[in-house]
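Across the two complexes that follow, subunit A remains constant while its partner is subunit B and subsequently subunit C.
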Partner chain A sequence: MAREIDLMERQRRLAWFLIVPAVIVVLLVIGYPLIQVLVYSVLKYKLDGVTPPSFVGLGNYLFILTDSDFWRAVAVTLIFTFFSVTLEAVLGLSVAMVANSKFKGRSILRVAILIPWAIPTVVSSKIWAWMFNDIYGVVNVLLTNLHLIPQKIAFLATPITAIPVIIAVDVWKTTPFMALLLLAGLGLIPSDLYEAAAIDGATAVKAFFSVTLPLVMPTLLVALIFRTLDALRVFDIFYVMVGGQGNMATMAIYNQQWLVSFLDAGIGSAASVIILIFIMIFVILYTRFSKTSFQ
Partner chain B sequence: MKEEDTKTILLRVLFYLLVLVILVFNLFPFVYAVVSSFRPSSDLFSTDLFPKALTLDHYNQVFKDPRFVAGLINSIIVAGCTVLISLALGSLCAYALGRLPFRFKGPVLYLVLTMTMFPQISVLSGLFVMLKALNLFNSRQGLILTYLIFTLPFTIWVMTQYFRSLPRELEEAAYVDGAAPLEVFWKILLPLTVPGLVSTGLLAFIAAWNEFLFALTFTVTDTMKTVPVVISQFSGATSFEQPWGSIMAASMVVTVPLVILVMIFQYRIVAGLTAGAVKG
Partner chain C sequence: MISPKKILKRYLLRCVGSLFLISLATSTGFGVTIRCALDSDVGEGGRFSKALALEWAKKTGNTLEYISRPNDATATLQQFQQYWAAKSPDVDVYMIDVIWQGIANPHAVDLKKFYTEDEIKQFFPAIIQNNTVNGKLVSIPWFTDAGILYYRTDLLEKYGYKEPPKTWEELTEMAKKIQDGERKEGKKDFQGFVFQGKASESVTCNALEWIYSFGGGSIIEPDKKVTINNPNAIKALQTAKSWVGAISPPGVVTYSEEEARNVWQAGNAAFMRNWPYAYALGQAPKSVIAGKFDVTVLPMGGANGKHAACLGGWQLMVSAYSKAPDVAADLVKFLNSADEQKRRAIELSQFPVMPAIYSDPDVLAKNPWFAKIPDVLKNAVARPSTVTGADYNQLSTAFFQNVNKMLSGGQSPQDTVQQVEKVAKRLMR
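Entry: the complex of A and B
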């Protein structure tokens, strides 16, 4: 007995000892910078090494919230998030259901859907930018050869054509992630539920809505949260495909440019805080929704 | 009866058509990039799927480019060190969280999960100033340190699930024999988590290898940039003329090793990816 207590005590002490290094790193790379961001957000803080920082209260926030560039970035980000996450959910569920049924070549399909996911975002953006190149891109050449468009389109030059292409890249890249999560969720559904539905004479469509969808819903919600949070901070795809064009900046690009191009840590930090609040609102909405729908 | 048969056959055909569409959609951009990277420049703007001639010119060119080679070396060092540090710190912490008695286990785990989803952009300026103050701006060490933001919480989370799933009996037998807790970790549990370490390490490696925002923001000289930044900044003689052949060749150099790794470890990767999300 004494020995057991001794062991417990030793384990407890060891636990602290093992956790401390990770905690220190986390405090250094997340905790401290986050506090700094909150502090900088109420300062006029130019990173030119000349002007000393001075307190401006909510001045940076007011500037951003009255800046039309910021609201355009919000609109671009929300449009991108809504369409890419919705498409990914629908396509991801379809791909998962196909990959979940038994057929020859199923393992090939499962490997194939991992490939877009493994490709670095910068690379996928470059590949798609090349496919949609205004003169030599395969899409333009095919469309003109088939006489579907009278002349070649500069897809990436205006938001109305560029944003759908960017959404397509994101859907291409992250549908596999969605499909894999949902595939794991589908695997948890007991097959006798489908048998019972079949005995009751339910059609395939009815079985989908009364068995598959409700049971895969918890997994779908988790996947949606992950994807929404990712999409709200989108940076790479927009930066690589349409980087120079201010009318297609996202919230993250707006933030990064204030910091790096204009060397303004005050406005950059206030933008970070606003993005964080945006993301937290979505998290709260999702958790509310999942609570009400599972009670 | 006859009608039933045609109906099933029709459904089969439709199903395989759907599979084909999924395969083409997933693979076409990748295949197109591979083909473009081998196409001679003179032929680059033709759209035949199969090129008339193949060339290694673009590959020779990118490997002669000192920026690309430096980028490749930087990426290997940064991603490699990030993974090693995350696995070392992360698996120790995960052992404590998954196996040892510990008072604030619930809140700590919740915090770890929250941090795996933490948006990097929201600490960008804090890190920017911090790296400058620590003299780590524009350095590999600086990137390694900041990459721990996304690899360490993820490693802790997934490895904790692994440690929890191991059977208790092994440990108990060792304790009866008088082994110390750290010995149990090192000699008994750690060898059993090797599959978990491999898949977690691989996922962390992919995340670090693909990272763009921090690398773009925290490095300025060509000698310190990682390969995604180098590829994003590839440009031709004039700004209107992008060297697409070289861009595609460089893209394939950084992508193909990942694709091969993913194919080899596909089951483990899928297990690692879904471990957090489905159970959590």
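Entry: the complex of A and C
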């Protein structure tokens, strides 16, 4: 008995010893900045190098939560996240299934679908912004020449046209990433399962819902978490395509504006904390969902 | 003109100054090290400035370290603010934007110590006024920039106009007539007037010009009074709103400088508001509009209005944390001396900050259109950055977002000025 406890104790000590370096690194690179942001978020702190910071309690949070600009940014971000992630998941799964089937030139296709993902977002957003330009953009030229629209449309001028355009560009860009992740998941499904399903007389649709979908689900959930968190933090594509238009700012743009443009570390940090909480809610929802669906 | 006597005097003074410095240098064994943060030396302007600064170092026996600033103005400000927050003596001379005076003020040496009244009088008064915060001369103008009106001389003639428009009303009428005529001839994409409507500093400059030209003030006046909510400002914004979809494309609310210039340079616009940089590009040999356009001051708002030109450009500042402010100031005086400004005007086509240089025959031989610029700069209107200081971006963001929203149809001019007034009053409290 005594020896067993001794062994367990030794094991435990070894375990601590082994994880301590990792804990220290995490505390330094994540814990310290996080605490600093929390401290800044309760201060009135202008980064002008003159005014000394002063304590304001929850004043910064109150300011943000009563700011209509912030709630509009939340709405824009959620709309963008919902549509882009849903479309990317559906299209990504389709592309992955095509790329997973055996045919000639499969490896070329696999490389080709990754190209949009490989282009830096700033570059591709700018290219798309030019393509959607109201006068010489190729989209307008094509649509008017084909007589699909009576006159050229300023796509990026108002949210009604600009947000769908931005979602489309994001889908174009990120579907390959989704497909790549799901392709790895599909590759893990043993082919004899499909053979068994075929012998049992299952149709292709039935096989998809009974074999493919349940088995690819864990990968799909991980991919969805990745994409949702990314989409909630979206900055570059909006910043490049519609810039500072207030009615199309995302949460990240709102944050950047206060922190970088207005040099207000207090409100900027409070905004960061609020965004963090938003993202945490999604993470908790996803983990809950994945737990129940796997039990 | 600068009299030869004055030049001689200045030259002698500089010699005496240099001699003093050299004697100082030799007495201590070597000169001082001066670090200056100027334009990125990847570009033409930066290479020019670097060569010039090194020339000064050689002449005075000091050591010079050239620091390239980021190309982007916002990124530059962020970098400089890190130096300033740390009270760093690592940079002695900074080049700063015309809208940073309030922010830079606590970190700058009063340049009135190094420039006499008479010397200061040689610069454009509007810029000097902008750069003066509570009686302190934060920075000295280096080269400048201002909004101007580009117009197609061939089209004006074709539609029977002898002169460019004097008022915005005239411009609206002329643009409409030319646009209708050109579109009838099959140029479907032809626009009457393009400007910068994008929700960014670009539209702040444009809208300030409209409001000021209608006598509607400049949002917040130098005496800290918030004036934006007034009938003239509303009238100015109403006029601008009426252009969108009529003489300007609906997409103008997404245009910054380059988008507007692309329409203009393709020959698809009768008028354009832009900065002077578009001139040389438009007159380039392969340009379809080369030789077919000219520039003038922006129109007045109504017969009783005034001309306006949003003031841009860069200034030189000596850091309050410099260990050798006197030597740094000597470099600043060298960099923006009349001779060097003339060289900049000829070699880089940058606008000098002294009116006298615009009548210099060498400058006019290279850039004949510079003759019109003093008139433009006489009407320069500064953005309310000096009075708002570090809060300027907050004011400008509220202003450009609301104006942009109004132009794209989401808001009335009355609501726009009220929204901006609300933010301005909060910032001025």
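Assume the second predicted complex is superposed on the first by the 265 of 295 C-alpha atoms of A that agree within 3 Å, B and C clash if a C-alpha of one lies under 4 Å from a C-alpha of the other, contacts with A are read in each partner's own complex, and residues count from 1 in each chain.
The definition used in the following text is that a contact is a pair of C-beta atoms (placed from the backbone, for glycine too) under 8 Å apart; a residue touches a chain by one contact, two chains touch by 3 or more.
Remember, it's a predicted structure, so these values are computed and weren't measured experimentally.
Participant: Answer with clash or fit: subunit B and subunit C placed together on subunit A by superposition.
Facilitator: On the superposed model, which is not a single observed complex, subunit B and subunit C clash.
Participant: Can A:Ala157 be said to touch subunit B (first), subunit C (second), both, or neither?
Facilitator: Touch status of A:Ala157: second partner only.
Participant: Counting only touches as set out at the top, which of subunit B and subunit C does A:Ala184 meet: first, second, both, neither?
Facilitator: first
Participant: Which partner, once the models are overlaid, touches more of subunit A's residues, subunit C or subunit B?
Facilitator: B
Participant: Taking the superposition as given, does A:Val50 touch the first partner, subunit B, the second, subunit C, both, or neither?
Facilitator: In the superposition, A:Val50 contacts subunit C only.
Participant: So in the superposed three-chain picture, is A:Val260 touching just subunit B, just subunit C, both, or none of them (first/second/both/neither)?
Facilitator: A:Val260 sits against subunit B and subunit C alike.
Participant: Report for A:Thr203: first if it touches subunit B alone, second if subunit C alone, otherwise both or neither.
Facilitator: Neither subunit B nor subunit C is touched by A:Thr203.
Participant: Classify the contacts of A:Thr287 with the two partner chains as first (subunit B alone), second (subunit C alone), both, or neither.
Facilitator: After superposition on chain A, A:Thr287 lies in contact with neither partner.
Participant: Pick out the stretch of subunit C that clashes with subunit B after the overlay, from 3-11, 255-263, 291-299 or 309-317.
Facilitator: 255-263
Participant: Is there a shared patch on subunit A that both subunit B and subunit C touch, and which residues make it up?
Facilitator: 47, 133, 135-136, 260
Participant: Within their complex, state which residues of subunit C touch subunit A.
Facilitator: The contact residues of subunit C facing subunit A are 74, 78, 81, 84-85, 87, 103, 106-107, 189, 191, 198-200, 249-251, 253-254, 256, 259, 262-263, 266, 268, 389-391, 393-394, 397, 400-402, 404-405, 408-410.
Participant: Okay, in this complex, where on subunit A does subunit C touch?
Facilitator: Those in contact with subunit C are residues 46-50, 133-136, 152, 154, 156-158, 242-247, 257, 260-263.
Participant: Which bits of subunit B are touching subunit A when the two form their complex?
Facilitator: Residues 15-16, 18-19, 22-23, 25-27, 29-30, 32-33, 36, 44-45, 47, 89-90, 92-93, 95-97, 100-102, 108, 115, 117-130, 145-146, 148-149, 152-153, 156, 175, 180-182, 206, 209-210, 212-213, 216-217, 228-229, 231-232, 244, 247-248, 251, 254-255, 258-259, 261-263, 266, 269-270, 273-274, 277-278, 280.
Participant: Give every residue of subunit A touching subunit B within the complex, in rising order.
Facilitator: 7-8, 10-12, 14-16, 18-19, 21-23, 25-26, 28-30, 32-37, 40, 47, 95, 98, 101, 103, 105, 108-124, 126-128, 130-131, 133, 135-136, 138, 141-142, 145, 172, 176-177, 180-181, 184-185, 188, 219, 222-223, 225-226, 229, 232-233, 235-236, 239-240, 251-252, 255-256, 259-260, 265, 268-269, 272-273, 275-276, 279
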